[in-house]
Structure formats: C-alpha cells, structure tokens
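One chain, chain A, appears in both complexes that follow, with chain B as partner in the first and chain C in the second.
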Partner chain A sequence: MDDIQGILNAMMRTAVDPQTAAVAIAVIGLNIHFGYTGLINIGQSAFMLLGAYGFAISITQGWPLPVAILVGLAVAFVFALVLGVPTLKLRGDYLAIVTISAAEIIRYVGRSGGYESLSNLTNAAQGIAGSQYRTPFTDLSPFPTGTTQLLPFNYLDVAGGSTVVRLLGWLVVVAAIWTAVRIGRRKVGLEGSTRTLAMVGLTALVVVLLFFLAPVSQRNTGVNGWWFTVVAWILVGISLIIVLGLTRSPWGRALKGVREDEDAMRSLGKNVFAIKMQALIIGGLFGAIGGMMYVLPAAVQPDALGRSITFFAYTALLLGGAATIWGPVLGSLIFFVGRVFLIGVANTYLSSDDYLNIMNGQQTSQFAFIIVGVALMLLVIFRPQGILGDKRELRFNV
Partner chain B sequence: MSRTSVLERGVVARAAAFLVLSLLVAPLLLLLSSRSVEAATLCLPKKDETACIAGTMGSRAEPIEGVDVTLTKPDGSTETQTTEKDGKFAFTITEPGNYLVGVDEETLPKGSELRPPANAALRGPEGTIKVDNVQLGQNYGPVLTVRPKGFDDSTSKWDEFIQSSVNGIRLGLLLALASVGLSLIYGTTGISNFAHAEQVTLGGMVGYGLVNVAGLPLVVGGILVVIICGFTGWFQDRILWQPLRRRGLGLTQLMIVTIGLSLAMQYAFQYTVGARTVRVVVETPETRDFGSIRITDQSLWAMGIAAVVLALVGLALLRTRIGRATRAVADNPALAQASGIDTDKVIRLVWTVAMGLSGLSGILYALIVNGVKWDTGLQILLLLFAAVTLGGLGTAFGALVGSLIIGLVVELSPMVIPGDFKYAAALLILILLLLVRPQGLLGRPQRVG
Partner chain C sequence: MSETTTAKGLADPAARRQLMSGVEPEPGSSKPDPILKVDNIVRQFGGITAVDVDHLEVQRGIITALIGPNGAGKTTFFNLITGFDRPTSAGRGAHWSFDGATLDRTSASKVAKSGMVRTFQLTKALSRMTVMDNMMLGAQNQAGENLAKCLIKPFWSAQEKQVEEKALALLDRFSLLEKRKDYAGSLSGGQRKLLEMARALMSDPKMIMLDEPMAGVNPALTQSLLGHIQSLRDEGTTVLFVEHDMHVVRHISDWVVVMAEGKLVAEGPADSVMSNTAVIDAYLGAHHDTDLGDDALLSDATLEQLEAEVAAEEAEREEEQRS
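Now for the complex of A and B:
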C-alpha cells in the first residue's frame, strides 16, 4: 500500500506542477492552430522557447517584469508573422515542414556559441539559469514564507490512514467521475443549470477528495512552490475563458470554416490568409505565455524546449480532444500524470528486487516513453477525437 | 625447539602484518604527500573574494617545465609565474574583469610556439589568450598547449573548399539513400513519414548488433542490415499502413501516427543500447590523401556503394515495369489503379525498398561518422525533409538533387558562418526556396494552396 501511495503522491505532485500548467497553456494555443483552424504547426516549442528567451533576457538586462512579458509576447508575434507569410498560402504539409524546421533553427541559434554577442545573451547550450530572472516574479508573491499542505486534513487523520478509508475514498472518486461522464453525455436526465451545477459540484468533490487522498506539500513561494502553481493555473483559467470567448464568436466560426473547407470560405468573401494568420498569431502568443511559465521554475535551456515538447503537446491535445475547450487541459493532465504513473509503476514493480527486476533505473523512464509513443499511435488510429472530442469535427485533411 | 619456532612464527607474522599494513598505508601516504606538493601551486576560489586562473602548461600527460606564464590584469599590470615540473600555474585573482594569459616565447622548448585557441574569440593580442569576464568565486582554465614553430594548420581556402565539398557530396549521397525512399513514400501514399529517420538509426543499430556484437564480417552484416530493414518496411505496411489506408485514416492523422512511431522507436533504441554511441566496427579507419583531400577508406566505399545503389534505383524507376508503375502511382494513385496497376502491391514494394535503403544509409552513416546513437536519425530527419521538399515533394530524382544540395550546404556553410549554424543554414535555405518556388526544384509547378 505504501508503494501505491508513493506513486499516487507523485502523480498528484505532477498534476499541480506549474510546468504541467505551462504545457497546458501551450496546448491551448496549439488547439487554436490545429484543432480549430487545421494548421499543422509542429513548431509550438519555438513559440515557447522564444517567449522564454524574450522574457528571461529582458529581465537579465534589467527591464521590469511587465516589459519582459511584453517582449516575450512580441518576439512570438514577430515569429508568427515571419512563419506565416511564406507558408500559409501553401498546402498544409508545407506548413508542417516549415514550422518544425523554423523551430529547429531557433533552437540551433539559441544553443550556438558561435557569435559572442548572441551567446552573451542566451548563454549558448547551457542556457539561462532560473535564478537570473526568477526574482522579480518571486518577489510579487503575496504568500508568507513557509510550507503549506493541501489539504491539511487528509487521509492520515481518519482512522490512522487505514487502507479501508483510502479504498473507499478512491471508490467515491471513481463513482463521481463516472457520474460526471454520464451527465456530460446527457445520459442522466439533468438539463440547464441543474446540469451545470451537478458538473461543478462533482468536479469540486473529485478535486477535494484527490487532495484528501494524496496530499501535496510545497513551499509557499520558493521554486515550484504554491505561488508558481497558483499563478500557472490561474493563467490556464484565463486562457480557457479567452478561447471560449473567441471560439463562440463569429471569428471562431470562421476558423472552423477554414478548417473544413478553405475554398468555400474564400468564395464567401472571407480573407482566408488573414484568418489563418490571426489564428497562428493568437495560438503562438499562448505558446509564448506557456513557455514563460515553463521556464520560471526551471531554466531556459534550448534543448529542453525542442521537438519532443511539441510532440508531447500533440499527444496531450489528441488525448484530451482537439477542437474542444477542456481537451487541452484534460489531455495535458492525463499525459503528464500518466507518464509519472508509468514511471512509478515501472520503478516500483519492474525494477526492484521485491517484485520483478527486468529493467534498470534508466530503462523505466524510457519504457514510459515507449508506451507514450505507442499510445499516441493507438489513440490516433482508434479514437482520433480523444476523450472529449467530436469525431465529426475531425474530418479535416491536409 | 617448539618455543623458538613459535617465537619465529610470531616474528614472521608480525613482519607480514607490518608489510601488509605498510602496503595499505603507502598509497595513502603518497596521496597525502602529493597533495601537499600540489597545494603549493593550488588556487581555491573563495566566494566573493578571489577567483583562480589556473592550468597546466603543455598537457597533463606532458607538462612543460620552466615556462614563464604571464598574466595581464585589467589595469595593464602583469604577473609572471615559472612552471614547475608538473607544468602547473595558478594565479589568484582579486578583481573581476578581463584578463590575458600569455607565455614568454623564449622560455618555451626550442622550436615550439604557443598554439592559438581554436575559437577566434579567445585570441588576444600578441599571441595571448583571453580570459574574459572573470568573476570572483570561479575557476578559469585557459588552455596552454604548444605546437612546432611554423606549424600551419590553416589550410588554404581553396583546399578547405575542396575538402568540404567532398564531405558534402558524401553526406548528400547518404542523405539521398534515405530521402529517395521518403519521397517515394510521400508520393505514393501521401504520408510525411517522421519515423523515417529512426529507420536510418535502425540500420546503424542492426549493423552494430550484427557486426560488432555478433562478429559477422562487415559485408555480410551490411547485406543482412538491408534485408532486415527492408523486411521492417514490408512488415510495417502489412500490419500498419495498409490497414490504415483501408480504414481511410486522414493524412494528418497518419502523420501523427508516424510521430508516435518515431517516439516509440527512439526510446526503444535507448532502452536496448542506452544513450551511448555504439560503433559498427571498432578499428579506427585508414585514411588516404588525394592531393589536398583526406578521406577514410570507409568513406570512399560508402560513397561508391551509395552512388551505385542510387543509380540502380534510378534505372529501375525509369526502365522496369514495376518502376514505371511506381512512378504512375506517385503521380496519380487513382488513375494508376484505374489503369490496372495493383497500387497496394506497388506501395508495399515502395515501403520495403525505402526502408532497405534507409537501413543501408544508416549503416554507412554509422561507418563514416564512427558510430550510431539513439538520436542519430533524429539529427538528420529535418535534413531529409529539407532535401525532399527542396527537390520537390514526391519526386525521386528531386530528392537526389535536394540531398546533394543539402549535403553541400551543411558541409560548406561553416566556411562563412560558425559551425553550429550548419544545420540551421540548410533549413533556412529550404524556407527561402519555398518562398520563391514552393513546388521544389524538380516539382511540377502546380497550385499547392
């Protein structure tokens, strides 16, 4: 039971991690590109990296925090323009090749030590250490110093943390999620505000129960502390509200129109190029925000924001469901938590003398990634709409 | 009698114990004593107080004694140390700033001079070495090595150009082996295969397993690599791509399936051989000189094999029935099927041949760059895509031309820009070409948007 609790705690820690939230924001941006507009942007990591560079370098140059954020966004904006002009008029697969190439160019330039004036800013492959740009953000924290545990009242306080209590708790969680899914699919006869209320209530119950069963303890303002977590998830919330507003607007419907049938949109007198460009820019700005949030608890390292982050973002997006509001967040959560679960299970059961010992410590994380790759394939083949998506929305093609 | 023998035994035992003890302690004592000698010239930086500029004159294996090493401080004053037997020098710094380290040429061994650093940014005035931006609490180690006087390692621009061109053509030919297949797959099925580069890695890895681990002769191993990799292509199409074609999965989705496959394969390589570089053959290759060109035997063989195989593939595409059928399917699958070509059979063949070719490319690449790693393919994936797009998506001969161009750009660009920009340069050329000629060099001009 201690093994399982250890894995569960690790999963919860990942679930609230600011970097998970950061990737979720980038995936929300990717959803605007890929899900709503049908643009195959395989260079989302470049938007993240550029946002991170713009932000971190501005602060190391002594500029104030708001200016630094604006610089990060501006760099991503310019990148989207430069990327869009030559490629948005071409067929979709050209955009794919150009975006991934451009992302690699950005990474190569970032990690290059060839020009002194450049590597003085970027510090080449070593990257910029987080301590050099984190302070202005940490100083904003309204939290007192110290450590806080969510929830202070947890399973250990009930019957001494007995297995029965925990099992019961997880049963309730599973039941609540099952009910929520049924309500979501309109299998239960709830309508209108009752339905919304029931969904909100069940979600709150699940969240509270999860923290009860796997309490997370973090410092308040330190690196990766609650201040980072809270800001990151608030940003996710704001992004969701923005996307909700955008996609319900006439402009949002135009996006879907471009995805479904470009020629039809053109014949209706819409400027398809402009719509695609706007989508590319807005999604890219979300990517930049995600990038800034991603590096705040870590460091700006060009190789950490490479192709694999883009691929993970696609996996998360397809897992949650492209062209849905909640898909990116749900997908990112499941992706990162699931990876930790796989690594935890492999470490505990496949790489220890107590159970099976068929792989060594390094192989466990590689094993998890092999599963991720295979899962991505199976997902696209058998459930391309993901968990929340609508299959009819995903008939687009390059 | 017995008493004395006991006594003797006691003496012997004590002596033995002393011997063992001294054997154990001696290295420790040695360690301690050597430490104390080193401490005389050792410099330890203290946070916010001192920094160190220290190193060894010559190399650790061959230190040079009696050289006057001079440190020039930011204010222009100098400090000189003469190296001892261990060649070590150590300056304690109390002021942050930009320093210069040089040696007195007179004190160097006869007929040798200080080797200027490879990075031009580190070259200071009068043969000194720059140690810029010294901060307190840090260690700095300028490299002071010597070379024979009058040594000329700056070959003429022309020689460098020729050598780089040969390297470029070599890289281009190997890229072509893989990209012809990539282009044919794109042409016949529409899939942008992101896992293609992992097939190149697979070729190198299988080669490592067969030749290095299992000990097969290189030629036999190479042929087996092509057969095994070709089989993976056949097998992939049999269990994955053909069923997906039948299901009518969209091209975007297929592309993401290949991304998943590529991820799974990369980590499967890491899982089996780890993150290290493995070599197909252990011996260091022989080199040959042709005028100013220096090239290994293996590279010559690799270029020859690649050229012959590419010529055969080209001939087959142009002259044989199945080759013509392949081009027909690449051109217009629906029309090809309507005119009686078994497209499934053609596509199966394309997958098999393409994967066999990339396996060959992988083992040859592993031979010329002296090893293969889990991300070897990943590094050239974009070069492959650049080559295919440059030449014209879906055209086999375009892929060949594109590969040679990309190979030359990658190897020649370090002559004008820093070496770590060479891949970026190739990708930039791709983007610029798409601006003016989106269909690629040999692609037919058609509306692509």
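Now for the complex of A and C:
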C-alpha cells in the first residue's frame, strides 16, 4: 500500500506542478491554431522559447517585471508575423514546414555560442539559470515563508490512515467522476444551470478528495512552491476565460469557418488572411505566456523547449479534444500525470528486487514513453475526437 | 426610370421581354443597363486557352444563364470574375467592372463585399459547423468579427440578434429551419445547395452567381430551387447562373449566353438561342444531323462528298499551322 501511496503522491505533485500549467497554457494557444483555425503549427515550442528568452533576458538586463513580460509577448508577436506573412496565403502544409524549421532555428541560435554579443545574453547551450531572473517574481509573493500541506486535514487524520478509508475515498472519487461523465453526456436528466452547478460541484468534490487522499506538501514561496503553483493555475483560468470569450464570439465563428473551407469564407467576403494571422498571433502569445511560466521554476535552456515539447502539446491537445474549451487543460493533466503514473509503476514493480527487476532506472522512463506513444495511437484510431470532442463531428469526412 | 422602379417592374415577364427586345442577339452585344461588364479576359493553362472572352455585359435585374458544353470554360470564367483566379491577360487589357466599380485587381473577399456573391459547383458547406453558424457567417460587416471588439459582447450582441433573425427567416424560406442545429455536413446534397444559396443571400447581394445550382439535386427540389431563383429576380437581385440542363435554362432564364471552347459563341433569349447554328454546333458537332445508320449514306456520292469535306478540313488545318 505504501508503494501505491508513493505513486499517487508523485502524481498529485505533477498535477499541481507550475510546469504542467505552463504547458496547458501553451496547449490552449495551440488549440486556437490547430483546433479552431486549422493552422498546423508544429513550432509552438519556439513561441514558448522566445517568450522565455524575452522575459529572462529583459530581467537580467535590469528591466522591471511588467516590461519583461511585455518584451516576451512582443518577441512572440513579431515571430508570428514573420512566420505568417509568407505562409498564410499558401496551403496549410507550408505553415507546418516553416514552423517546425523556424522552431529549430530559434533553438539552434539560442544554444550557439558563435556570436559573443548573443551568447552573453543567452549563455548558449547552458542557458540562463533561473536564479538570475526569478527574484522579481518571488518577491511579489504575498505568502509567508514556511511550508504548507494541502489538505492539512487528510487521510492520515482519519483512523490513522487505514487502507479502508483510502479505498473508500478512491471509490467516491471514481463514482463522482463517473457521475460527472454521465451528466456531461446528458444521460442524466439535468439541463441548464442545474447541470453546470452539478458539474462544478462534482469537480470541486473530486479535487478536494484528491488532496485529501494524496496531500501535497510544498514550500510557500520557494522554487516550485505554492506561489508558483497558484499563479500558474490562475493564468490557466484567465486563458480559459479569454478563449471562451473569443470562441463564443462571431470572431471565433469566423475561425471555424476558415478551418472548414477558406474558399467558402472568401466567397462570403471574409478576409481569410487577416483571420488566420490574428489566430496565429493570439495562439502564439498564449505560447509565450506558457513559456515564461515554464521557465520560472526552472531555467531557460533551449534544449528543454525543443521539438518534444511541441509534440507533448499536440498529444495533450488530441487527448483532451481539439476545438474544445477544457480539452487542452484536461489533456495536459492526463498526459503529464499519466506519464508519472507509468514511470512510478515501472520503477516500483519492474525495476526493484521486491517485485520484478527487468529494467534499469533509465529504461523505466523510456518504457513510459513507449506506453504513451501506443496510447496516443490507440486514441487516434478509436477516439479521434479526444476525450471531450463531439462525436457528431466525425460522421462526415473532413 | 430610377433603379428601384426598374427592379420592381422586372417581375413582370412582359416587361423583361420588352427590355431585352432591343438587344441584338449577338455575342458581346450591349445591354440597356449592364451591372457587370467584362472586357478581354484570357486565361491560359499552359498551351490551352480555357477562357477568351472579348466583351460581355450582364443586364441588371434579370436572370442570365451561362451555358455551354463540358470544358467550355464556364466555371473558369466564374472564378476569374469573382477573384478566385487571375486572368493571364491581367495588366494587358483585361478589365471588368461590377456596378460601376473596377474589379481588375480585387481579391475574392472584396468582390463578395462589393455585392457579387457566388456559390460553387461542388458545394462548400462548412461541414463541422451547424447550419445556423453557416448562415451567420454570411452576414457582412459584423462588429463581432473584429478581434478588438469581439471580447466585449455589448459591441455586437444587438447586431448578432438582427443577423440571427434574418438567418432564421431565410432558413424558413429555404425550408431548412428544422435543420438549423444540425451540422452542415449531415445535410443531403440538395439541402447543401439550398444552404449555400441561403448563406449567399445573408449579405443582400446585388448579384448572385450560381455555379450549377441544379447539379445532383433531385427533381422535386429542383422545382423549389427554380422557384427561389425566380423570386430572387423578382425582388431585384440580378442572377447569373451556369447550367447544363436545357429545360431549366429554357424555363427560367431571360437571357442566355453560350460559351464554347472558351469563347462566347451566341447570346439571345432562351427560346431562340437554342436554334442558333453556332449553339447546335457547339453542343452536338457540325454533323449531328447525319444518321450513321442510314444505308443511303453509303452511296459513292455521299462518300466522295465526305472525303472532300475531310480533305478541305485538313488543308485548312495545315494552313493554320503554317501561319
């Protein structure tokens, strides 16, 4: 039981991790590109990296925090313009080719030490250490120093943390999720605000129960502390509200129109190029915010924000459901938490003398990725619309 | 006579006949009140000249049909004047204007904004959007489609409501009201044609260009589509449509323009243009009257005559090649 509790605790730590939230923001941006507008951007990591560089370098140059954030956004804005002007008038494939190569160019320029004036700023492949730019952000923290455990009242306080209590708790979690899915699929006779209320209530119950069953203990303000977690998830919430507003407006409708058929939109008098450019910029700005949040608890290392982050983002998006509001967040959570689960299981049961010892520590991580890859393939074959996608959309050819 | 009275008066067939009676039934003839004027449009694909139109005028307020055999360049011509393609002769004398405004370098979306809206031969319904959303996209000048305003609902909610009412009225007229919450991709081919036409009407176009509106539509729906097209004309919209079905053309069009091998070969009222030799040749070939099963044709005299014709044609072709 302690093994299982260890895995569960590791999963919860990943679930609240600011970097998970940071990737979720970048996926929200990618959802605007790919899910709503149909732009195949395979360079979301470049938007993240540029945002991170703009932010970190501005602070190391002694500029204040708000200016640094604006610089990060401005760099991503210019990057979107540079990518969009030559490619958005062409067919979609060209954007895919250009974005993936541009992302690699940005990464290589970042890690090259050739030009001293540049590598003085970026510190080449070593990257900019987090301690050089993190201070202005940590200084903003309203939290007192120390460590906080969420929830302070948890399973250990009930009957001494007996297995029965925990099993019961997990049963309630599963039941709550199952009910939420039934309500979500409209199989329970709830409509309108009652339905929304029930969903919110069940989600809150699940979150509280998860913290009760697998409490997370972190420092309040330090690296990866609660301050980082809270800001990151508030940013996710703000991004969701913005995307909700955008996609429910006539502008969001025009995005979907462009995704479906550009010529039809032209025949209706819409400026397709302008709409695509706006979408590329907005999604890119979300990517830049995600990038800044991603490097705050870590360091700006060009290789950490490479192709694999883009592919993780696509996996999370397809998993959650493209062109849905909650899909990116749900997808990112399931992807990162699921990976930690697989690594935990492999480490505990396949790489220890207590059970099976068939792989070493390095292999367990690779094993987890193999399973993730297979799962993604199965997902695309059997549920291409993702977890939250609308199945009706798949009945006709795209 | 002011514009509005012209449009209203044209609901009467006799008035239309009278209006067009003064027009010469010649390719490229001038019309009393042209809404669209096209000059010198050439489009070549490599060595093939798909479209080569010297001059064409389309009369305001009536239904003009553009007919011609397969490969005559009708759809290419549509693409050229609506900005979806650029003529090879662009900058070398190609000129066309719509309702007084020159369109030589205008993009497809601006052409649509100026009031000339088209539909497509292969219907372009926005499949993964609801029928209602399809309709809402057709409206012009929506404040909510401006990125700067779209997040603040008061800027566009009033307009959105108007657009919605208009969309519902049009859906009702095209008997698609019950389908408004369905995805457009789930509609049948004929319903998609209706949807596309209704969507085009959302922008109150001055002229609507229909590319084979009847292709793949069942006979019952054809009747109602024809009714819709005629009622559009009666409300003052100019209609230009491409069609293969001769019955349809004869039934509803006030003026017929015939294209063959990229050129205009004939123009005229529907009933007389069909008997024009150039049109019959274009559709059926010059020897269409010849009955190949008739034994009398096997006489030596006829064979000699045919051989002479073939020789003459060959000589002509050689001469062309030499020059």
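In this section, the second predicted complex is superposed on the first by the 390 of 398 C-alpha atoms of A that agree within 3 Å, B and C clash if a C-alpha of one lies under 4 Å from a C-alpha of the other, contacts with A are read in each partner's own complex, and residues count from 1 in each chain.
The working rule: a contact is a pair of C-beta atoms (placed from the backbone, for glycine too) under 8 Å apart; a residue touches a chain by one contact, two chains touch by 3 or more.
What you see is a predicted model; the values in this text were computed from it and never measured.
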Contacts of A:Ala15 with chain B and chain C, given as first, second, both or neither | neither
Comparing chain B and chain C in the superposed model, the one touching more of chain A is B
Considering only touches as defined above, state whether A:Ser249 meets chain B (first), chain C (second), both or neither.
-> second
A:Gly257 contacts which: chain B (first), chain C (second), both, neither?
-> second
Return first, second, both or neither, reflecting whether A:Ile309 touches chain B, chain C, both chains, or no partner chain.
-> neither
Which partner does A:Glu116 reach: the first (chain B), the second (chain C), both, or neither?
-> first
Could you say whether A:Ser267 touches chain B, chain C, both of them, or neither, answering first, second, both or neither?
-> second
Could you tell me if A:Leu388 is touching chain B, chain C, both of them or neither one (first, second, both, neither)?
-> neither
After superposition on the shared chain, which partner residues are touched by A:Val27: those of chain B (first), chain C (second), both, or neither?
-> neither
What is the shared patch of chain A, the residues that chain B and chain C both contact?
-> 395-398
The chain A residues in contact with chain B across the complex are 38, 40, 86-87, 89-94, 96-98, 100-102, 104-105, 108-109, 111-116, 307-308, 311, 314-315, 318, 359, 362-363, 366-367, 369-370, 372-377, 379-381, 384, 394-398
Within their complex, state which residues of chain A touch chain C.
-> 242, 245-246, 249-254, 256-257, 259-261, 263-272, 278, 282, 392-393, 395-398
Using the touch definition up top, name the residues of chain B that touch chain A in the complex.
-> 121, 192, 244, 247, 249-253, 255-257, 259-268, 270-271, 274-275, 378, 382, 385-386, 389, 393, 417-421, 423-424, 427-428, 430-431, 434-435, 438, 448-449
Which of the residues in chain C end up touching chain A in this complex?
-> 82-84, 107-110, 112-113, 117-120, 124-129, 133, 136-138, 140, 142-147, 150-151, 153, 156, 160, 183, 185-186, 199-200, 202-203
